[in-house]
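Note that chain A is present in both complexes that follow, paired respectively with chain B and with chain C.
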Partner chain A sequence: MDSSLPPVSPGGLCLIPLEEGIPRCFFPHENSATYLEHAADLKSTGGRFLGLWASASPFPRIYSSVLLKEGLILMVLSLGKDAAGDFVYPSLSRIFPSASRFERTVRDLFGFIPAGLEDQRPWVDHAHWSIPPLSVPPGTRISSQTSSMGRPDYPFVRVKGPGIHEIPVGPVHAGIIEPGHFRFQVLGEKILRVEERLGYAHKGVDGLFRGRTIMEGAKLAARISGDSTVAHSLAFAQAVEQALDFIPAAGVRFMRAFLLERERLMNHLGDLGAIGNDAGLAFALSQFGRLKEELLRKNHLHFGSRYLFDLVRPGGIAIFLGDPAIRDLLTEIARLLEEVLELQRIYDDHGGLQDRFQNTGILSPEIATRMGIGGVVGRASAQAWDLRSGHRCDPYHRFPPALALAHTGDVAARVRVRFLEIQESLFLSRALLEHFPENVIKEEFPINPDITEGIGIIEGFRGETVSWVRLSPGGIIQAAHHLDPSAILWPALEMAVPGNLVADFPLINKSFNLSYSGNDL
Partner chain B sequence: MWKLLKKIIKTGILTEKPSHRDEKEFQRTAFSKSLAVRHVDAGSCNGCELELWALENPYYSASSQGIKFVASPRHADALLVTGPITHAMHEALLKTQEAVPNPRRVIAIGDCACDGGVFAGSYAVLGGLEVVLTPDAKVPGCPPTPQDILNILRKAFART
Partner chain C sequence: MDVGDPLFRTEFAVDVVDLFLAILTAPLLSGWIGTCRAVLSNRTPAGVFQPFWDLLRLFRKEVILPEHTSFLFRAVPFGVFGILSVSALFIPLLNIRPLLGPVADVVVLIGLFSLVRMLMAFGAMDAGTPFGDLGARREMMVGFLAEPATLMILFTVSLWSGSTSLSRIIQSLLSSSDPVHPSLMFALMAYILVFLAENGRLPIDNPATHLELTMIHEAMILEYSGPLLGMMEWSAHLKLFLYLLIGIDFFFPAGLPAELSPPAVILGIFLLIGKLMAAGTALAIVEILFAKLRIFRVPEFTALAYLLASIGFLIHFVLEV
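For the complex of A and B:
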C-alpha cells in the first residue's frame, strides 16, 4: 500500500483514488431538504442510484447509495417523527425512479414512511406479518396506515381492452428456477406489459446480521446469492475492513481478484449455455455445461469448494496457491480461451440462433441511462461502467481489463458482452497468476473500541455489489445490509420485455439472469 | 454446421458411469430408469439450484440414467425442495406437493431445507422442510455436490 495516499474523508466530498478499493464515503444529512438537494445534484452530475436501505439502531436512519465515476457516495439521513408519531423521510423516487421498490421494502420491514412515494403497494410484505418485523422500537405499528399492508391480493397494473388477457406465472416455475411471480398482459402472442412480484425468497437477512460476530456475518454474506458468493463475501470483507481501518496485503488483494474472476467465468459460461439452450440449441447447453463443470472441478481441486464459498473472509483469504496449482490453472486458462473462441464462432455463424437473439428484448441505451443500469445488462446497452477499469484499485490498475461494450441492448448484445468479458477475464486471471506477489493467509484484524461503519463495493459478475456494516465495540455486527445488482436490474427486465412474444420471455429473462434471493434478501 | 458437428464429435461422450453397486441398486428400484422429479425452491440462495443444474451437464447427465426434471408436479414421482422454507413460499410449496400424485417422495436438498441452515431463526423463514412436510430423505451440504444428490436419489428409490 502506498502510504502517501490520504484516506477517504468521511465528511466531505473528496473522493481520492485508492489502492485498496473504490473510493467510498459517508455523507450525513440532518434534514430532508439538503438530502433531496444532494440527491438531485448527484443525479445531474451523472450519478447512478444503486440502492437504499434503513437501519434502526441506535436511531432510525436511511442510507442511499449513489455511484459516481469517481466513487461511491452514501447519503445518510437521520429520521424524525411526524405529528402522527411515524418516522418519515422524503422519497427519492422522483429523482431516481429505481428508489421506489427499495422504499417500499423499507416501509414493509421498518415502517418508515417515504413521503411522496406514489406506489403504495407492499413489496416484500406478503401479508405474513401485521407489524413491520424490524420496526423501532420492536413491535411498533405504522399509525398512518397508508400502504395496503396485509392484503393477500396484490393489485397488479392491468391493461384493459378487447382481446387482452392476463398470464400469471410463478412463484413455482417450470424448471430449476428461484421463486418469483410474473404477471403478463398479453394480446395474442404479444406481451403488452409484464410486472414482477418478488419477495418470495425473503429470508430476513438484515435481521439475521444483527448481533452476529464478523465471521458469522461473513458466512451469511456468502449466502445472500449463491452464484455471487465471492462478490458478496468480498464486498462484506471490504466493508468490515474499512470500518476497522485495516488494509489487506497485496497477496490477499490478488487472490480475491482472481477468485472474483473465477466466479465471473463460471457464471458467464453457464449463462451462455443456458441462453443458447433457451433459443433451442441444446448443443450450447452441453458444451458450456461441460466447460463450467470442468472449471468447478478445478475450483474444488485447488480451493476445496466448487462455488468458492467461504474463501474470502474479512482480514484475509482462506486458501493458499502453490506453484503446481498456478501452473495447472494457467494451462486451464489457455485451453478455455481456445474453446470459448471456437464456441463463439459457432454462435456467430449460427443463423437460427442469431435470428432469435437479434432485436429480442431490447433495453435501449436511453432507458438504461435513465434507469442507471450497470453490469452486464448495462454494458450491453452502451453504459460504460465497470469498477474494474477506470479506478486506481490494486490489482486492477496494473492489468486493467478492457471495457466490454455493446450498443444494441438486445439478447445478442448481452451474449456478445459475456463473450468479451470471458476473454478479458481470462487475460486478467492469467496476468494475476503470472504476477502473483506472495501467498498471505491472514484472518486477524484489530478489535474496534468504538462503533464504526464501513462500506464495500466491487464489480460482481452481474454488476456492482455493495455491502454496508456497522460494528459495535468488539467486532459484533450491529446492523448490515447488502445490495445485489439484481434489485436495480429487475425493473430493467420489465422495460425490455413489452413488444416481444410470450415465447421469447424465457430467453430474455435468461439473458438478464437476475438473482431472486439477492433481490429479496 | 460443420464446425458444430466437428465439435460434437471431438468432445465425445463425457458422462461418468455410476459405480457398479450404485447402478445395481438403482436398477432394482420401483422407478428404475424412469424417475420424474420436480424441484421447488422455497427461498434458497440459489447455490443448491446451481448444483441441480449441474446434474444435467454432460458429466453427470442425470437424464441418461433415467432421472428427469419435469415441468409439472403432476408428472412427478419426487419433489426436491431447497431453501429454508420462507413464509412467502409455504403455501406454494404445499400446493405443489399436493399436486404430486401418490406414491410420492419428498427430498430435502441442502442444509437450508434440512434445518434452516444459516437462515434458521429468522422471522421470515419456517426453518427446514420438516416443519411443514415429512421428508423421505435429506441431502445435507451447502450446497451438496451433484454426486451426493444422485446418490440419495438412487437410495431413496431402492426397494427395501
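For the complex of A and C:
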C-alpha cells in the first residue's frame, strides 16, 4: 500500500464511539475473494449498502460503503491489471442489488470492469465520451463519440402484451424542474413498470475535485445539490477533518448541527407544501411556501445566505451567532411549531388529500429492507435508521431526537414522517440554541505530511450523505467523491410506482423528492 | 319578424352585443376566479386582467407546429373557438329571446359542446404525443361520464316549460309563481358537479398544474403554441363562461330583462355581473378547499351528479305537478 489509510483494527473493532461523528472505518482488501466475503458478511449482519465509487491511477481502487448500526465501513479494494490490461473487480450486485448503478457509473467514468454485473448498459455515459473520462490524467481532451449515425438508443426494459404502451417523460418537463427521463410501461392508466434514465445533470464532480485546495473543495461540495448544501459541506468537512486527524470544538459542532436542522426544516416544509400542491391543494403550497420563505429570510438575516451556502467549512464554521440572534431564532421556533401543528391538523383532516395519500406509491418494508433504503423514505417504510439517534456523537447524544417512523410506506407515511421530523427538528434546534456553548468560528488545522484519507457521513434531510477525500501533502485534494442519498433512493422509486395510476406518479415522485443533481455527479 | 322591423334590428343589435360581451367577459371571469383563488390562498393576486395579458402575449408569439401534424391540428383551435362563439348566440345573456334561439335547443347545445371536446381530442391526438393521447383519452372519459348527468339536468329543467328551448325554459321559470322549486335544487347540485367536471376544474382536473402526467385539459393543448394556444385558452375561458351562464339562466334567472327596455337591460347587466362574480367566488372557494380526485374516482363523482339529477327529475312529479 503506497498511500496510508487511517489505521484499521480487524473485525469491526475500529468502530469506537466518536465524539465528532459517526464511527467510520477503512477496510483495505487486496484480493477479490476477501472483498466479496466481507461484503456478504456485512450484509448478513444487517449492513446497508450506501454506495460505491472508484479512484483512478496511481491508486486504482474501488471504495464501497456499507452502513452498520455501529458505524460506517468503507471497504477499499486495490485493483491490479488483468492479462488484457483492464482493471477488473468483482461486482457486489448479487449481494447488494443497489450496487448495480454505481458499478455502471464506475465503468462509464473509469473503465473499471465489474465482473459478474448483469446490467451491461451505460449509466452516466450518454454516448458522449470516446473514452472513460476519469481514466486519463486531468486536463486531457476527450473527443466526442457522436458520429453521423447519432446516439444509440438506450435499451429500456419493455413490457409486451395486448394494450400495453409506453409513455416517455422528460428529460425536459412541463414544469421547471431538474432533468430526468422516465419510461413508463402502462396498461390504460395503470403503470406496469417505470424505468429511470438519469445522468442529464452530470457535471464531473469527481474530476472537478482533483487538484483543488481544501477550501476550494469545500465550495464545490456545497454546490453538489443546492437543497442539501449543509449536508454535503458538513460531510466534506468531516472527511477532511478525519483525514487530518482534527476534532472541531463543541461550539462548531453545535452550530453545524443547528444549520443541518435548519436545512432539514426548510426542505421538509417545502416538500410538504409541494406534495399537497401535487394533490391539487394549492392552499398547502402557499402556506408551507410562506413558512419556508420566512425561514429563508431569517437565514439571510442571521447567516447571510438564504440556503446556507458555504457556512460549514473544514475546521470550523463561517458565522458567529450573537445573543439577539439566538433569542430571535428561539421565538421563530416557537411560532413555527404552532403553525406546523395547525397545518398538520388540516392535512390530517382533509378527506380528499388523505384519499390521494393513502395506499398510493407503497414501498413495502420488505423491499425497503432488501434494498437497504434509509432516510425519510426508509423511515416511512419502517426502516429504523437515523444517524442522529443511536450514536454517541456530539451534540446529538445530549438531546437525541426521537426516531420518526411509519410502517405503511405510502405517500401518507412519507408525509407523516416529515411532519414528525419537523417537530423533532424544532425541539432539537431549540435545545441546541438554549445550550449553545462558547462561540468558536474557526480553528487552524494541521497540514498533512503524507497522503491521507478521510470519510464523513451525515444525516441530511433526505438520508445519509457521504463524503470521501484523499489528500496529498499540503492539503491538496487528490481525489474525492460525494454520495447523495438520492443515488440509492432512485431505484426505490421504481419499486414504489408499479400498480399505481399514471396520474399518481407525480405525487409519489414528489413524496420521495430526490435530487437529480446529487445523483448525476 | 321582418328584417326591416325596428324590433328585429334592436334584437339583432342586442344579440351582437351579447356575443361580444360573452367573448370579452369570459377572460375577465377567469381573471376574477384567479384573483379569488390568490386571495384565498394568501397570495397577491395578479389582477382580473391577467388572462388578457396572457392572451396578448400568446397572440404576439409565433406559431411553432410540432412535426408530423396535419391541417387538423391547425384547424382545431379555429373550430373550437368558432363553435363556442356560435353557442354564445344561443344562450341568453341579456336578451332572453335570442334570434338564433329557435335554431338550437339545449340538446343541440350539449351536442355542440361535445363536438368541441371531440375536436380538441382530435387535435391532441393528431400531434401523436403520448401526453396528447393521455389527455384526450381522459377528457373523453370525463365527458362520456358527465354527459348523461348533463342531459338529465336539462330534462329536469325542461319539465317546467315542457320545452327544451332555452328561451321557453327561462320564460316559464321567470313567470313561475312558486318561490322554490325542489326539483331545481337537486338539478342545481348536479349541475355544479357537472360544471366542475366539464370545465376541467378541481377536484377533477387542476387547471394550474405543471405536472404533465396528471393533466387532462392541459395535456391536450400541450403541443399548441402562440396564437393557436391563445385561441385554445380563450376557448377554455369562453366555455367556462358559457357553462356559468347556462347555470345562471336555469337556476338564478331573476332579473333577466323580460323586454328590451333600457332600464331593464341596465339592471340586467348589473345583476348579471353580480351573479357571475358570486359564482366565480364560489368556484374559487371550492377549488381552494378540495384536493384533486384520484382519476378513477371521477365515475363516482359523475354518478353522484346523475343521481342528483334523477332525484330532481322524480321530485318534479312527486311534489310539483
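Basically, the second predicted complex is superposed on the first by the 490 of 521 C-alpha atoms of A that agree within 3 Å, B and C clash if a C-alpha of one lies under 4 Å from a C-alpha of the other, contacts with A are read in each partner's own complex, and residues count from 1 in each chain.
One rule holds for everything that comes next: a contact is a pair of C-beta atoms (placed from the backbone, for glycine too) under 8 Å apart; a residue touches a chain by one contact, two chains touch by 3 or more.
Predicted, not measured: the structure shown is a model, and the values here were computed from it.
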| item | value |
| --- | --- |
| Comparison of chain B and chain C by chain A residues contacted | B |
| Which of chain B and chain C A:E293 touches, first, second, both or neither | first |
| First (chain B), second (chain C), both or neither touched by A:W129 | first |
| Touching partner for A:D278 - first (chain B), second (chain C), both, neither | second |
| Touched partner set for A:P506, first chain B, second chain C, both or neither | second |
| First, second, both or neither for A:I113, with chain B first and chain C second | neither |
| Which superposed partner A:V252 touches (first chain B, second chain C, both, neither) | neither |
| Which superposed partner A:D349 touches (first chain B, second chain C, both, neither) | first |
| Partner chain(s) touched by A:L363 [first = chain B, second = chain C, both, neither] | neither |
| Which of chain B and chain C A:L67 touches, first, second, both or neither | neither |
| Shared contact residues on chain A - chain B and chain C | 174-176, 283, 285-287, 290, 350 |
| Chain C residues touching chain A - in the complex, by the definition given at the top | 37, 40-43, 130-131, 134, 138, 202-203, 206, 208-215, 218, 222, 287-297 |
| Complex interface listing, chain B residues touching chain A | 3-4, 7-8, 11, 14, 39-54, 56-60, 69, 71-72, 83-84, 86-89, 92-93, 96, 117-119, 121-125, 142-143, 145 |
| Chain A - residues contacting chain B, complex | 126, 128-129, 133, 171-172, 174-179, 199-205, 207-208, 219-220, 223-227, 229, 270, 283, 285-287, 289-290, 292-293, 296, 306-307, 309, 342-343, 345-346, 349-350, 515-517, 520 |
| Touching residues (chain side chain A, partner chain C) in the complex | 165-169, 173-176, 189, 276, 278-283, 285-287, 290, 350, 352-353, 355-356, 360, 501-507 |
